[in-house]
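Chain nomenclature is as follows: A, B, C and D, assigned in order of appearance, with residue numbering initiated at 1 for each chain independently.
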Amino acid sequence: MDIYEQITKMADEIAPELVAQRRDFHKFAEKGWFEMRTSSIIARKLTEMGYEVLVGDQVCKKDARMGVPSDEELEEQYERAVAQGADPEFVKYTKGGMTGVIGILRCGEGPTVAMRFDIDALGVFEEKDKSHRPACEGFGSVNEGFMHACGHDGHATIGLGVAKVLMSIKDSLHGTMKLIFQPAEEGVRGAKSIVENGHLDGVDYLIGSHVSDKADDDPAVVIPGSHGSLATTKYDVFFHGVSAHAGGSPEKGKNVMPAVATAILNLYGIPRNSAGMSRINVGTVVAGSGRNVIADVAKMEIEVRGETTEINQYMEEYAKNIIEGAAKMHGCTSEMKVMGSAYSLTSDQALMDRVRRVCEEKLHLPVSETTSSRNGGSEDVSYMMRRVQEQGGQATFMRILTKESAPGHNRRFDFDEQALPNAVKVFCGTVYDILG
Amino acid sequence: MDIYEQITKMADEIAPELVAQRRDFHKFAEKGWFEMRTSSIIARKLTEMGYEVLVGDQVCKKDARMGVPSDEELEEQYERAVAQGADPEFVKYTKGGMTGVIGILRCGEGPTVAMRFDIDALGVFEEKDKSHRPACEGFGSVNEGFMHACGHDGHATIGLGVAKVLMSIKDSLHGTMKLIFQPAEEGVRGAKSIVENGHLDGVDYLIGSHVSDKADDDPAVVIPGSHGSLATTKYDVFFHGVSAHAGGSPEKGKNVMPAVATAILNLYGIPRNSAGMSRINVGTVVAGSGRNVIADVAKMEIEVRGETTEINQYMEEYAKNIIEGAAKMHGCTSEMKVMGSAYSLTSDQALMDRVRRVCEEKLHLPVSETTSSRNGGSEDVSYMMRRVQEQGGQATFMRILTKESAPGHNRRFDFDEQALPNAVKVFCGTVYDILG
Amino acid sequence: MDIYEQITKMADEIAPELVAQRRDFHKFAEKGWFEMRTSSIIARKLTEMGYEVLVGDQVCKKDARMGVPSDEELEEQYERAVAQGADPEFVKYTKGGMTGVIGILRCGEGPTVAMRFDIDALGVFEEKDKSHRPACEGFGSVNEGFMHACGHDGHATIGLGVAKVLMSIKDSLHGTMKLIFQPAEEGVRGAKSIVENGHLDGVDYLIGSHVSDKADDDPAVVIPGSHGSLATTKYDVFFHGVSAHAGGSPEKGKNVMPAVATAILNLYGIPRNSAGMSRINVGTVVAGSGRNVIADVAKMEIEVRGETTEINQYMEEYAKNIIEGAAKMHGCTSEMKVMGSAYSLTSDQALMDRVRRVCEEKLHLPVSETTSSRNGGSEDVSYMMRRVQEQGGQATFMRILTKESAPGHNRRFDFDEQALPNAVKVFCGTVYDILG
Amino acid sequence: MDIYEQITKMADEIAPELVAQRRDFHKFAEKGWFEMRTSSIIARKLTEMGYEVLVGDQVCKKDARMGVPSDEELEEQYERAVAQGADPEFVKYTKGGMTGVIGILRCGEGPTVAMRFDIDALGVFEEKDKSHRPACEGFGSVNEGFMHACGHDGHATIGLGVAKVLMSIKDSLHGTMKLIFQPAEEGVRGAKSIVENGHLDGVDYLIGSHVSDKADDDPAVVIPGSHGSLATTKYDVFFHGVSAHAGGSPEKGKNVMPAVATAILNLYGIPRNSAGMSRINVGTVVAGSGRNVIADVAKMEIEVRGETTEINQYMEEYAKNIIEGAAKMHGCTSEMKVMGSAYSLTSDQALMDRVRRVCEEKLHLPVSETTSSRNGGSEDVSYMMRRVQEQGGQATFMRILTKESAPGHNRRFDFDEQALPNAVKVFCGTVYDILG
């Protein structure tokens, strides 16, 4: 039995364990920077397997984290995590939102292969109807308003499965493996702070993945790489004016309301770009304090995207101009706070070819014909990929194909858990192909 | 000692009691439809004085109340009121927001005089700095986010003072007195439901009042009437669209965000009206569910006003047109819910003249030269005044002059409590002039 | 026969002559700064009567004129005026738009009374249907696109009638009379340049008038004064951007189109003012050069108004802020050029009382009860009135009541010419009352 | 000497003649539907060469023409064309804008090859500075405001050159050739009316071309085909409201101005489309009648585009919704008139391969590596291509590479006239390859 067969066999054997783990993560879904229970469990398991484990501020550079919730929320969530069975030793390191874990396995001389698994849930209220499998089978989220509606419960689980299999074949490997369990991918808030801590420096290969829906009759288990993930920047925008009684002296206020409205209409109207796709969204607005008061404060959550980083910059600059102009026009002030950002990403052809070859020739797993998917989304694995690629390394972001019950971010999202052992095989087979 | 002297003397004697009562109401400030503790205390005191007392759904017609909070909030506030010392017998009638009290004193044949005292607080966070007298002297609101920043604590207190004095001179009076303690004046939500219960039918005279700031050197204690309060309608506006992933398929959504923005800009742009003053305000907006999601839901709190009821109707119709058009334009739907309304109001000259004469000649209180004040605000006492005037009765809405520490609705609002006995004198003197 | 009777008699006698003159002016209607034929005829007639006559740049200060058309248009109109029978001697002074005439009559020591008559037509296409009297009776405008739709043909005629009557009674007068025939009142462009030439300095009384519609059964011939004319400022606004191919590279342009749209919506949304009436209008927009080109240039004609000069200034400043912000928001530039302006105006009670008394007691002409009219319009006679009032003089702006066939500025406007002798009587009677 | 050598030789020989012809067309530039002189000359020349010639309403179906100017303009331009040396016999057929010419050469049995040459100029004012070659060498446009700034003077000339060369080799050809000289390509207004007259029915091959800039060091003379021309629809949009005096009674108007502004901002904000490129432009706006009048009429020239016809339809529908909503919102009405339209276009690979092979192997002309160009423009040759492709025929739209002095539609546009014989060779070589 060669190593590829060993990988395949072991992945299939641990499949039930993976399903159980994924359902545990699903049940105790934690949004970005709140993955305290999740991180503590991952750290515990990696430690038990024999990995060198980084936690707390060893993972994310504290000040480089984006979109971190308030101290009150972090404290409250910490208490929740502890109450929900977080590992008592490791949870301490996650205080204040210092979530994320890195497991390192050093096997002598050889290249460094990093793998990235994101672990955070979304701010979605999960479906409670029994027609939704998690609800029916008892692993629906118990954390009201948090839900793994994008499959990161699976990603974290895959990472643990990969850790287990790689450890079992470590004597055949030559080089270093880094398993990066990244927090706060939603909102593209976490990857940058890991890159800024230097964890991608010296990495020769980076492999990431995301579950992705497939057609019923598509036998393929993986798309070996992606293009078309958009560069993006997320902003919280604040407007400040002066309130006044709307009936008694409306002219004495500085009204943020028309400033916000002007910003919204003009933001959506930023010119389309002949160089490629662009996106703009004003996702949320909260403005004003009372019906009969000239509004003196507003907050908008917005994002811009671009097919290239340059287009994204064009959007950024135009958006800033609009927001400043809209505020000044009404005697108000504005402020923009970056809450997340990602580059556009491009998988390296050589690494995609390697994944394809390993899957088809060694693992006998069908691979999708497509090697790219243009989907308008954004991924902050792009920060990690760019750092690796800048150093001459290779990176790919794969799609683990599976049957999904609803689109990502939907309250009825679920996926076929066969994806879990499949992904473990693809990751481990590829790592062995590089380090074997 | 004539009756006017008696009134004067008694009002001065009970001044310390009025101050204490006002400070109690101030400390336990309750927003509209939450005035459960306040109502229970008023009902208790009127009962003890010997008034015939109406409470619960005898006061406001249940379904005619506007802008009633959710059942959950009402329940929560009920518990709070009980915990804060509401009268155990009378508080029960206020369950579900059935606040407000009417005290009736029947003294044989004669005209009916109604008096209106509003009792609700605002959604304002009171200043806690010691430079603010209520904070310094320990009667600042203990109900975070509720504050008597418009003087209705004083109005309710004046009502109780008037009740006491009138009872003491009842043998000199011929006719009926109705003391209406109205809930939910803020947002002009309560008066209509009292009128619809028929309490103003058959009323010959209606007197209301509001505290009002005066210059340091102005000796006057009252303005005998008002004009210029604006007709108004308050709406909650809802927009419904379809959400979609803002990066992946923005064209699949029906975005309420540009609909809201279009509505805001066009609402403020409703033509000025050559027939008189008009007002429009979009006071609050809450829209969208996430930064990267095409927004599918929004709520706006708006109000229109007009110097006349006709101008207000023009504003109403134009606003509806704009909101519908803005929604349809983006494939969305809209809904407008009336949350409050008031007519414009005009005090009757004869009744103003009577107040002036009583004050100057009988009570020896200085009266302001002005008999009107154009202030851009709205008052739902207008519903009551209109009903009385339609029947051929007379109505006036007075200004009780006092030194205020900050404009109404400000977190530092406070007033000179000498206004309390002053107002009791004016009300009682006028009632005696009519019924004596 | 006293002087008042003389005035009355003479005014009645010259009525047919006044009608003929008014119809001549009507037929050869000339817009502001084009009143070359009109001015030349007035100058000729005043000269023949024996007045000291000022023409050309003696009347309006050249650089203080506002909204002056292009040299090409002025040249073209000059040729038209000559061809239409302008007085050959006097028309020369009007070259380049130096229109307007002042006639002076000095009768020894005494106060100075100025009278103002505006002479320009509107840019309106006159009705040609025979149901419109000017069309039927052959005095419809022969200058296509110019029409006396606001009665200034009558005003100029009244001025000539007044000149004739005053000259006939000059031996009974003690003081100085200035008859100011002002160009370019429409768009409030001309008065300021006359004031700036010093013609109102030292004036003790100023009387102006405008024809005004009355009810069929209203016997009154005059309203002795006005309030409520609004302060106003007129701007031409220019936006400059950068063009680009709208299909090929829209992001390379700087698009004035959304800047213009943003300006329009926000201008109409300038807050209503609790201090009084305000107005804003974007009357015209011309923008862009071709359907498939990102627009790089736009022009808007706008105006703001205010019940007081302060409110007008508030509107001016807010408008500037909006226009600058809207331009910058899209990387464009903007420019605002003042094209006209007027103050709010208030007639002096003493002078209004004098007019009323003269009419009722001396001339036996019925006077309107009203002494003010709030109409939302603007009048640059306000520049003259303010100068006179600043010096301690008295000024009034009367309404000459007449039956009108359509609202002012309408293509079917006409008026009952009995207003002509009526007005002559009121003016001359009042002057005699002052200087007699 | 084979036929390809013959084609090459003849094209080189007639090069000076082509230059002269192009400069004549350039000098007498005629905008769409005004190409009366141009059409008459083409018809005359084709007739003289021996072609069967279609003119007048034989070419474009009269009622299917889009964006036809007013009768007055057509009449005026007809007189100009006659005065500028139009062919007296053929110009008559162009009356009323019935421009365009088709030349047919029938050479027995065989396929039908159509070629399309567009002939109209743009509404651009040509540069008069001598640094612009046409100005310097005396062939700048004498028709002020019309300019061949997009190379259609060259296209028409190429058509005449192709006609001449094909006629000279007609004995070697087997099949039918149609040379379509199309009017009004700018604004995509003309092609549809030719297709609707059935001229593309039964066509097996269609070849069109456009001159296109190239890098100095690029030896290629042609790109054999295009993709990415956008589907488009052009609209004239009219808004109708009710005017009113902006100062006196603004509320009595129905103001089109905020309707226009709302439409502009929302049109630019139509969601980007995940299915591909889209475009929107509001190119021109003319609105309102006077500064102090509530605007009652407005016209906008707009266009939408899409990478596919489906995306263009999405844009069309959304735009209609916005325009209707914006009008209704202010009590106004709107109307949209289609002024031009085109499909997206895709060149057939087989025909592109044929062009490449003919150029490289037979004509020894270098061909661009690129076979597509994504440029955001639109071309109504797409109507013709779609008809041919629907019938199973092949079509391509080539780029004739040349050095250009400025971007298309710029007042300084000019091109290297070597493109003329080059294009003649490519067309004729390809036709011979098909019909030889």
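Simple rule for what comes next: contacts are C-beta pairs under 8 Å (C-beta built on N, C-alpha and C of every residue); 3 or more make two chains touch, one makes a residue touch a chain.
If you want to know which protein each chain is, UniProt gives these names: A, B, C, D = Amidohydrolase.
In this text the structure is predicted, and so the values were computed from the model without any measurement.
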Can you name the chain that lies farthest from chain D, using the mean of each chain's Cα atoms as its centre?
-> B
Since chain A and chain D are copies that touch, just let me know if over half of their interface numbering is common to both, same, or not, different.
-> same
So what's the Cα centroid distance for chain B and chain D, whole Å?
-> 69
Distance between chain centroids, defined by C-alpha means - chain A, chain D (Å) | 49
Indicate the whole-number Å distance between the mean C-alpha point of chain A and the mean C-alpha point of chain B.
-> 51
Counting only residues that touch at least 2 other chains, which ones in chain B make the list?
-> 248-250, 258, 262, 265-266, 268-269, 271-272, 274, 279, 294, 375-376
Within their complex, chain B touches chain D through residues 248-253, 255, 258, 262, 265-266, 269, 271-275, 294, 314, 321-322, 324-326, 328-331
Partner chain D, residues of chain A touching it in the complex = 265-266, 268-269, 271-272, 274, 277-280, 376
In the complex of these two chains, what residues of chain A are touching chain B?
-> 123, 187, 230, 232, 234, 245-250, 257-258, 260-265, 268, 279, 281-295, 298, 301-303, 305, 339, 375-378, 407-409
